[in-house]
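Quick heads-up: structures coming right below.
Two complexes come next, and they have one chain in common, chain A, joined by chain B in the first and chain C in the second.
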Partner chain A sequence: MRTVWIIARREFRRYFTSPVGYLVLFLYLFILGLIVNNSLQQAYAFSVFQGAPPPGADIVIGPMLTLLVFSIPALTMRLLAEEQASGTLELLLTAPVRDWELVVGKWLGAFLFVVVLLALTLIYPLALHLLTEPGLDWGPVISGYLGLLLVSAALLALGVAVSALFRSQVAAFVVTLALFLFLWMISSLASAGSPSEGVLRYLDFGHHFYTSFFRGVIDLQGVVYYLSVTAFGLFVGTVIIESRRWRG
Partner chain B sequence: MNPTKTWRTWLPWVALGLAVVGALVAAGAFFILRAFDTPVRVGLAVALVGLAAFVYLEPERVRRWLTGREARYGSNALVLSLAFIGILAALNYLASLYPQRWDLTEDRRNTLAPEIQEVLRALDEPVTAYAFYSANINRDYAREVLDKFALASEGKFTYKFVDPIANPALAQQYGVTRDGTVVLVMGDRHEQVLFLSDEEIANALARLMRPEERVVVFVTGHGEGDIETLGETGYSLLKDELTNRNFTVRTWSLPAEGSLPEDADVVIFAGPTQPFTDKERQVIQDYLANGGSVIFLFNTSVEGAAEPDADLQAYLADQWFVQVDDTVVVDTSSPQQPLIAVGIPTARHPVTQKLAGLVVLFPVARSVRALDGAPATLSVEELLHTTDRAWAETDLAAFTTSTPEGAQVAYDEGEDLPGPVPLVVVAHDTLTDARIVVVGDADFARNGFYQAYGNGLLLLDAVDWAAGQENLITITPKPQTQRYLKPLAGYGLSALALTSICLLPGVVLVIGGVVWFRRRMRR
Partner chain C sequence: MIKARGLTKYYGRRLAIDHLTFEAHKGEIVGFLGPNGAGKTTTMRILTGYMPPSDGDAWVAGYHVVDESLEVRRRVGYLPENVALYDDMTVWDYLRFMGQLRQVPDLDERIAEVLERVNLLERSESFIGSLSRGMRQRVGLAQAILHRPEVLILDEPTMGLDPAQRVEVRDLIREIGQEHTVMLSTHILSEAQELCDRVLIINEGRILAEDTPEELELRLRGAQRVRLQVSGPASAAELQTRLAALPGVLQVHAADAQHLEVELAPDAGRDLRPVLARAVLDAGYDLHEMCTVSLSLEDIFLQLIREEGASDQEAAAAEPSATTEAASSHPASEADEEA
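So, the complex of A and B:
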């Protein structure tokens, strides 16, 4: 585990020494700020005329998943692809580091970065809390952020696995994004009430988020689903790295 | 470079890629279609041809794959992967068998009331809810409500969204005429829910579980409106919608039968134009005394109703504390049509609770008031009023005598009834459970006006209430935290925009810039 932690710390630091980390942080916070501000201005306009209920944490948490889908490929594309392109992966494979430690370490580093990113966005619920009387309902904030952490963990694991497949960071980015979009839209493939609908909806990672965590509910099924996808992604990543030892 | 060599190097991989894509397409198509249809066959054919081409072009590599070190390690990895996926699938299956949910919201917004959970537990047949939502309306709220039922029902309640424009046949089958209608289907029975809420669905479920014939009777014989007439003056739209809500609707001639039907849940007098005989009035009184439910829709005398049926008016005033005035409501809120009274719901009552935000248009109405002094066993309530820009004119001669200048109608203090003018009164005798609804107009529910604003809904809900169907499930209201936005001064909103859009991202950008610059300097 010490090795995992060393790799994770190294990866985490690298986000703050490279422009990509700051660019992702900036774009994420800027777009989220625009959306939240827009919703708030609208809410104020409505509250003058109709006494409508104030916006809840959903105006912050709602767009965050979409933004994560587009940001995470940028965070994971480098992780293993760069090591392969620069040839340092071979070096790592000969070092006393187990394959899974390498993959989990890389994933953990990226996950810690996303935790920082999500923690920065907490300023918006806090602002809403100060603008609302008698304050915000914190239940959906807690469940929403927990959901976002779980989704991030799962998406990062898939991203790491895809990154292990490529030497080119651009290829890793494009394939990761395509995979995320596919998993996001998968339930719309079978909306015609076919028997596969239930299975496809279950595989849809947005479905678990929007039907529970987003609404203020912690759903055991959703937790198990996201942890399973995380485990799956890390496992596949490990198998791909391991296969480099025996592939021709 | 040798061109032959070039294509020999990439062609096998293109073939293998095609094989993989073909196999994926075939698997996906089979998964969705569940049939060995053309897409599946084409996908399989492409996969086979691609694979064959690869084997033909790279025989040596295939041999190595199948027999060498790669094959051994590869199959190990494959078995390990399958076992791992199997474990994950089993865990997910277990989690779906024992669902656990924790509602963290302050008002338990995502948890059904215990009374509703009771209804769901009592379901003995599966129920499918078809939510007829076109692309024009937002499905979020419907999904939220229906999810609560689906999750709490342990598989007995499922729902599907149907686009009524893309699938008109299904909409027609269940008599859906409004976008946003939800139809609950249990076996061969179905119930419509027009306004979605936990309580409405629970009530519809309760009605599905206790199927009993509910009869609405339209009395004829005194010039009342006809439920079969399709034109503007008929009540056919009302009849259709009641039929869709599983009411049996029929007519009944009071003069010919000399009685009112015993099996009727609700009796409607839709704009009688002739007075009732003493015997008929007695029949109505007896019917109500025995706990019947009657809806009276009274037109004004300027529209040709014989005036006054003073005895019926006196009975309603004395026994039910409902005063039916000989007036015509003049409403100046729409100056072009001052005789159309705009009714606004003013009381919380089952008859008006779905009218939130909707008005009801009464073309030529009279005022109907609740009188003071009703006994404790009789609850009398005024439900809809005009705005204070209307009044009830008592000088009816002004409407019928035509002067060269046109009708001279103006508000006379002391003579006319000032606005807000009451238009609809309900009364409930809690001893006998008799219920009456008195509306100062009969035209608002005719086909010509039925679909305007809340017109149809008002009468549908009046029928539900009169039939005692409005609340089969009574739910203890949950305490709801009222929240509001604190007022912000003019610059407050700009400051908010500045901090949310510029401050935080700006700080990140500056730190990023500094780090990048320092690294550059170091190099």
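So, the complex of A and C:
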């Protein structure tokens, strides 16, 4: 675990010494701010003219998952692809580092960065809490953020696995994004009532989020789903690194 | 310290190294000499635990490179061919990172010590990306010796350096070699001769010869070639036959009407150049120029490959059951044990 932590810490710090980290932070917070601002104006109009209740945390948490789907490929693309392209992987793999420690360390570093990113977005629910009367229901906020953390863990693990597959960061980015969009749309592939619908819906990572965590429910099935996708991604990443050794 | 038995590696269907057997002992600097693509890097990557061999076994510091890979990696310092480093880290941070991964005790003191040794202490806060090629090489070396490894494996440690830097790095390797077992690869003959206690010549994945540098040099000097520029009453072709008749002369080859190339026997025992000069003059020719053509690395390989071909045939004819035992104990001529 010590090795994992050393690698994670370095990876986490690298986000703050390279433009990618700042760019993702800036864009994420900026676009989220625009969306929240827009929703607030609408909600204000509704409540003034039609007496609708004040907006809940959903106007913040709703768009956050979508933004993560586009941000995470940018965070994971370089993790292993860059090491392979520059050849630094060779030094890491000839140090006493197990393959899984490397993969998990990379993933953990990126996860910590996402934790920081999500923590920064808390200003929006806080602002909402101060702007509305009688304030925010914090239940859905807590479950929503827990859900976002779980989704991030899973998506990051898949991103790390894809990054292990490529030497080119651009290729890693494109394939990761395509994979996310595929998993995001997968349940719409099924025609209603068909036997495959249940399976496809289960594989859809958005589905687990929006039907439970987003609504203030912590669903065990969702937790298991995200944790198993995380484990799967890390396992596949490790296997790919291991196979690199065999292929040379 | 390093023991390899029948190491073989295939990349797909391409054979990269073919049954390599060799040893390196404690406190010894062993050189891998061969052209690019000979299998040097592959061999080193196997020894450092980066990748497993397709066949055969190797032990480093007493541990098996595949079964006890982690133990091997703890005891090996490695400088890869292209010294890939993290450009966005400072020298100090980079060494801290590698030192932490290798669990080096009293890390900060050790880093200062190592940087002092590679003469980079004043650049410790520089970003690696801003360093010159020679400095990067030294950072790579610092990283390799940071954890006081028992075995040091250096892949082309002086490649891409200017002559001054080359001397610097060589001095450093020689110094390190007094305490560690060092295995280095190079395609520069003089470097191998200068640095190594023993040299393995490798080509197309096979060890062609294993020699001490002295013996290697002897072999080189043996195959001396001399170029003559002459002019005279007749064409040089006539002189050719006269020179070829001299004792110690193996072959005379006429490059054109004025130039002759003379190959001298390895064991002539004395310098034959004055004899050649006199023979030219006695024949009524003028001698304009005489120079020794030193054998290039390529020539040596060609020669060794030829020798290998011949010895293979001999071995097949005389001793069909050649064993693969301890090639290193016969430093003399053909150490290549594969019949």
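General remarks:
FYI, the second predicted complex is superposed on the first by the 246 of 248 C-alpha atoms of A that agree within 3 Å, B and C clash if a C-alpha of one lies under 4 Å from a C-alpha of the other, contacts with A are read in each partner's own complex, and residues count from 1 in each chain.
The rule is simple: contacts are C-beta pairs under 8 Å (C-beta built on N, C-alpha and C of every residue); 3 or more make two chains touch, one makes a residue touch a chain.
Just so it is clear, the structure is predicted and the values come from calculations on it, not from any experiment.
With both complexes brought onto chain A, simultaneous placement of chain B and chain C is permitted, the two fitting side by side without a clash. The partner of chain A that touches more of its residues, comparing chain B with chain C, is B.
In the overlay built on the shared chain, the residue A:23 is in contact with chain B alone; chain C does not reach it.
In the superposed pair of complexes, A:228 makes contact with chain B only, with no contact to chain C.
Judged by the touch definition given at the top, the superposed model places A:3 against chain C, while chain B stays out of reach.
Of the two partner chains placed around the shared chain by superposition, chain C is the only one that A:97 touches, whereas chain B remains out of contact. When the two complexes are overlaid on their common chain A, residue A:246 makes contact with chain B and with chain C alike.
Judged by the touch definition given at the top, the superposed model places A:215 against chain B, while chain C stays out of reach.
Taking every C-alpha atom of chain B against every C-alpha atom of chain C, the smallest gap after superposition is 5 Å.
Of the residues of chain A, those at positions 17, 246-248 touch chain B in one of the two structures and chain C in the other. By the touch rule above, chain C contacts chain A in their complex via residues 9, 11, 16, 42, 45, 48-52, 70, 73-74, 76, 78, 80, 82, 84-86, 88, 97-98, 100-103, 143. Within the complex, the chain A residues that touch chain B are 16-17, 19, 21-23, 25-26, 29-30, 33-34, 36-37, 40-41, 43-44, 47, 51, 53-54, 120, 123-124, 127, 131-134, 137-140, 142-143, 189-191, 193-196, 202, 211-212, 215-221, 223-225, 228, 231-232, 235-236, 239, 242-243, 246-248. Interface of chain A with chain C (complex): residues 2-3, 6-7, 10, 14, 17-18, 86-88, 90-98, 245-248.
Across the interface of their complex, chain A is touched by residues 28, 31-34, 64, 68-70, 73-74, 77, 80-81, 84-85, 88, 91-92, 94-96, 98-107, 109-110, 143-144, 147, 160-161, 481, 483-486, 488, 493, 496-497, 499-502, 504-505, 508-509, 511-513, 515-516, 519 of chain B.
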